[in-house]
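Just so it is clear, A, B, C, D and E label the chains in written order, and each chain counts residues from 1 on its own.
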């Protein structure tokens, strides 16, 4: 079999197969489960690296499965998908390690890791989707695979959170489905094509296309947590930390944001979206979300909820980038896909560590954690600074490109949004950092679980945030080096606008 | 709980439907012509029996009849599945017993005749089976708790005999290369009679057993009980 | 022809009566009887169809259909009666009261 | 050789990684040395590009920045040694060293940066890291000062961010020259003024300085006022369209801002009793002077070469002198047991104060001299007078400063060195401070012709004439000026701002809460609705449907409907 | 030697039933053997049709119109494959589900039901269809009452009576057609039938009779109690196959017989009823307190989708789009067959473990049976219509056609039903997550759990992703 035609499928399967096998494992077979998990993660990584090289060289990979006449499931790789795939793969590896450490001695791990793997498979599937149909398919599978993770704890809270999560995402999925089919009914099978496919759509269906855009946006906006569709995100915080990390940094919200980017660039085409006012509307929604999310984050005392609202705000940077006409802003939005992922996953890992080691769940309990857990706190600090957009952490690079893109497009109000958001980010992150580093350590932590070793917490919990924090730093510090997210995003923008 | 207006409305709607039905039926009957009659009557000689109805039942549309016997079997099995029979009737008076003594043989005799006559005149397996069943019912009414039926093993065998023979004949004919339920020339009459005989037995037994109700008692348990 | 209509028409009438009775009378036993009346109506109609005048032999096909139909109806009736009996035995009433 | 530049930036950065350990107490002292060397040996105009770093890092020195690099590196070196020595006993010294080195690295980076992103990175690193220096001692005052410092710093950085983004969108990522900047919209100029104005302490964005300088450990205060506030000037020089176009409106605005800053700060400063606060206000007034000169250059672009050179010289002078004053304050000991070193410290401080006032034969004099041509050439004659008055006030302020050296108690403060502890003698700090004072002392003879040495002697005289009776009165009538002393608290504007802030925060919180509640309501309702739907079933609604007659009627109706649908509709062909 | 697979597909289960009835002590072994044999026959038959096109066999050699025969084309074979695979899984499951006494009753009735199903899918004669319908109805009612509880007997008596009412009405329609055209063979009738009062009345009678059997809203009232009270394997077969058979007949008659007669209005009536079924059934499922009742109402809803297809079919001009739509309907029916069977089988296991099937108290049992819960989940995926299930693909095509034809209101109904389905499925699954002790193993009893899991798996993965053969199959006969 032609390997090029199999590679995208192989990347999806490399986590799906271990995931499916894990379900059948006995609860006690830790080692086998870990081996399966890690094998899947590593194999995927190797395959993705292979694909990155290929796409860079201009290779095209496409797996096509015909479901019915005129309905194809297509997995293909272009620069944008490879970016997202690489992000998910890398963070999956890290999160897997973290989750293995985090869930040590907790029940139902086979179920957890099974769905965990499926979740990543779905994310990768979303990334590699070559058609809107395929995207919808994996989008829904993602909903399915994450629901059990959110509900995993089994507490009434978890059940409630999961229900709300489901209600939102199912509604969104339905909208997306309708939008996708409607579009397909109008223009035939929708394959993601650089530059979009609606460029020369006849005048008389333009109005309908605009409506469809908002239907699609409604569907994608739920996962991307655009206000007012964000309500599920803070509720889904009941999930275990690795899940929150994955949900916020890689899988769910990113799937939505990625979808928005796809729809704007590869379905509607940025030119079409621009000239029909779609970009402006998207920009307004994204801006409102950015400000609103930050404001809400300010009011939260629960650390994870604060981070959740921060996600609401930050993910909309991606949509904002997509909404500004011009390659620079595109770079900013697309690169934030990765940068936000790295930073936010770090923050969630750290939040998990605080909860795990000290029982610290609230911002108000974080006095002096820096002295008790310096490694974790260092990672947290880097992530937080990156979120605010302080150089040289990666967040700055995104913000810079967004700002620059806005300036070039003459959309100076976007700069105001960026400034306001940065200030608000600072307002809700810096007090945490202050508490972490400059407040005296309390005599007693809420619920301390002393770790026997030399480290502040188990290595499987400490190293992942440190690694992701280092990556976030490196992504900013060496932003212009080859194969960094930024360079890759530039490649994407070049190809999207390259005409 | 049925609303009053529904009670009024139902007849009205039904009458409307009836009107349409009658109208449609008149149209249909007028234009119907000969339908299948000529074709069927024309080919009766090929069917192995001279009674056109029997030839339709056991030859032209034998498959229908096979399924019909199966339906009968289903009903019996369904009845059996409902558990043991309801308490038996009061024993009949001696007069009835005396009558039964000569009615039952008569019925069995008529069964045989009906079966035989079906080939060329009105009659056939169902009529015969019904008579046989009637014999069983009469016995039951006369106080025979088993309605003259045999023990479980044989009862089960007899009740499926019709379907078994019917299907087996069909399949064997198919295996022999004639096609399912396609009687080879010259054998049709005998095969039909064979099938009819088996069917008659089954139908009779089934009707009687259905009348009794209740699953057949396990022989071993019944034997140990007595 | 008139005879045929008479038969057919009365068949339809029976069918409708059965339907009516089935619908409006709650006791299950009456419904069962109603079904049989309906069946009788249908069979009536079919038999009427077989009539091809006094001189010509009747169409054997409807006859065969009716015969088959009757047996099927009898089987169904038997099963339904057994069900009803079973309900009766449990609770002494076969009225459909749920 | 050019590789010294990245090394100069990277060394403090790398050392900050290990500086937290007690064994690394020496790191701040050494970290600035490569930078100091680089200031002398790096050829001008050469640009090192490191394309992989940030968005492509470019480092290099030009005439302006060489001097900037010199005094910045030198001050950081002196401050670093002082800090290493002073804080050895401090349990939290490790943290201080880390942030000290980070701020140092940022400061050096922004000086040598030749592209916008590196500049901004350095600026941001420096600004944020300094927060930790300000609040190091952890008492209420320093926390409050730190908070205000941080907020203003962030505002400044964001203003700068926007400005740089707008600049980059016009001219690309490399350092723009004046011609590039000439076409920029006015908003950029405003943002540049605001962004750096906060760092420099320009009124009305100055009030963090009088709070932060006294609150921070002495070495940090020295760096903030000496080195870091000068980055504002560098920023202005780089990002204002100096020398290419005349922008009279902006120039006038700047002059106005400068005058306000000078006079306001000097007046308020005179009413202070804490020497550090006085120095803070002095810095603010100097920021005013810079802005004033910049304004003049904006009005008349021809003055740009002279003005720039003058400003740079002035900045060098001011950085060294202000840094020296702060560090000297840190070397002061109570008079209880006067020894020889204290005499020398006092002498040094007096020298520096005189230099700050622009006394003859000091660096102050030559700095003033360098700016003189600008004041002369302008059409606005009164400006010179105003500046002269300011100079008199500055001198008075310095006198006030020297006066407070005696009057202000040198109490032991947690986190700072303990002046009563004999082990706290700081030989290395003293030595480097002496070098600093020496450099200040010889500056006029290196940088200027003898004609400039005596500039301003008359002003000094006027100031003494004013000051003498006042001092005399104060000596004889203690308490005479006491009401004045407490008239304006340090940080002046902070007080009304605080009320405003409280009101704003309170109402903001209220509004946020209301917004959250308002937005949550539909969500709660939705959730309740969902929960209700997921909940137990109500009474069986299908009961009537199960009624035979109803069901039968429905069935018949459907039968009729089918019939009607067939009969009544026109048939498809 | 000649093998008539069509006849064997009916004869094998029939013979099996006979043999099992005669020797009840070997019921399980013999029953399973006949099940396997029947399934194999059907599969081989389907393979033949898939490769070589439709097959017809005339029994007795008379041929239509006099004789009867069986015919296998793409549509019938698709249903045949589905029902035989489901029936096989149900058989395996039932093999260990029932107690020894119940087994004696189950197997013969079950095999009779099976042969009725096969006969129904392959039949070509209107009267023969009546007989198979009755065979199906009687065996189904008898099976449904197998648990012997009063509720079950009452519900199934009701089912039996309603079924009889439907059959009689259907038969009246057949009589009308015969009286006008003198024929009973569908193919021959289709050639001569013409619009007119006779055809219309016949169609109305036959369809309304079949609606009763298909439990189309609002004639579904008999279904929930009957299906909810039957033993699990029987519920599976009833919900997955028996009502589907009635739908199949409607579709078959619609496509093959009444095509010249019908029009958009009648399709809209069907669609409206379908829409009512989707909304009402889903909503009732959402509020159901018991798991099996939920599944039964879900069947009502799912049948609704199938009927919504009719207005779309009528609106779509012949061609590729219509073929797609038709295939989608068949795919929907097939997927639902697998999914609902899997759901019921798994629900039966949960019920057995918990001792009841009240949804709100199922947590422990669901947690103890990961495989069964998983099967419910997978089947749920297909019931909701999430990808990659066949339902998803089918709904996609249906919605797309609706959009193309501008019939957006059907889209609203379909989506509403989908969301409600998600709500009721996850209402069940939500209880699988709580803090019960960790199960020791994923699979506890392979012989019951694996069939459920396999059925659910097929519905959720196989049918959606490997649907292409269905198109090939339907090209053999039904598709233009």
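The rule is short, and it goes like this: a residue touches a chain if its C-beta (ideal position, glycine included) is under 8 Å from a C-beta of that chain, and two chains touch if they have at least 3 such contacts.
A quick note: this is a predicted structure, and the numbers were derived from the prediction, not measured.
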item	value
Touching both chain B and chain C (chains)	D, E
Minimum number of chain-to-chain touching steps separating chain A from chain C	2
Farthest chain relative to chain A (centres taken as mean CA coordinates)	B
Maximum centroid distance from chain E, chain identifier (CA atoms)	D
Inter-chain pair with the most contacting C-beta pairs	B-E
Chain C-chain D separation of Cα centroids, rounded to whole Å	101
Averaged-CA centre spacing for the pair chain E and chain C, given as whole angstrom	28
Rounded Å distance, chain A centre to chain D centre (Cα mean)	36
Distance from chain E to chain D - Cα centre to Cα centre, in angstrom	77
Residues within chain B bordering two or more other chains	2, 7, 10, 14, 17, 20-21, 25, 29, 32, 34-36, 40, 60-61, 64, 68, 71, 74-75, 78, 82-83
Residues of chain E engaged with two or more neighbouring chains	127, 131, 134, 138, 141-142, 145, 153, 169, 172, 178-179, 197, 200-201, 423
Contacts with two or more other chains, residues of chain D listed in rising order	530, 534, 546, 548-549, 552-553, 556, 559-560, 563
Touch relationships between chains, expressed as pairs	A-D, A-E, B-C, B-D, B-E, C-D, C-E, D-E
Complex contacts: residues of chain E adjacent to chain D	169, 195, 197, 200-201, 203-205, 207-208, 211-212, 218-219, 221, 224, 261-266, 268-269, 273, 284, 286-289, 360, 423, 427
Residue ranges of chain A in contact with chain D within the complex	160, 163-164, 167, 228, 231, 295-296, 298-299, 385, 389-392, 396-397, 399-400, 403-404, 406-408, 415, 418-419, 422-423, 426, 430, 434, 437-438, 476-482, 486
Complex contact set, residues of chain D against chain E	530, 533-534, 536-538, 541-542, 545-546, 551, 554-555, 558-563, 565-572
For the chain E and chain A complex, residues of the former touching the latter	320, 323-324, 327-328, 370, 374, 381, 386-388, 392-393, 396-397, 399-401, 403-404, 411, 415, 418-419, 422-423, 426, 429-430, 433-443, 464-465, 467-468, 471
Residue ranges of chain D in contact with chain B within the complex	544, 547-550, 552-553, 556-557, 559-560, 563
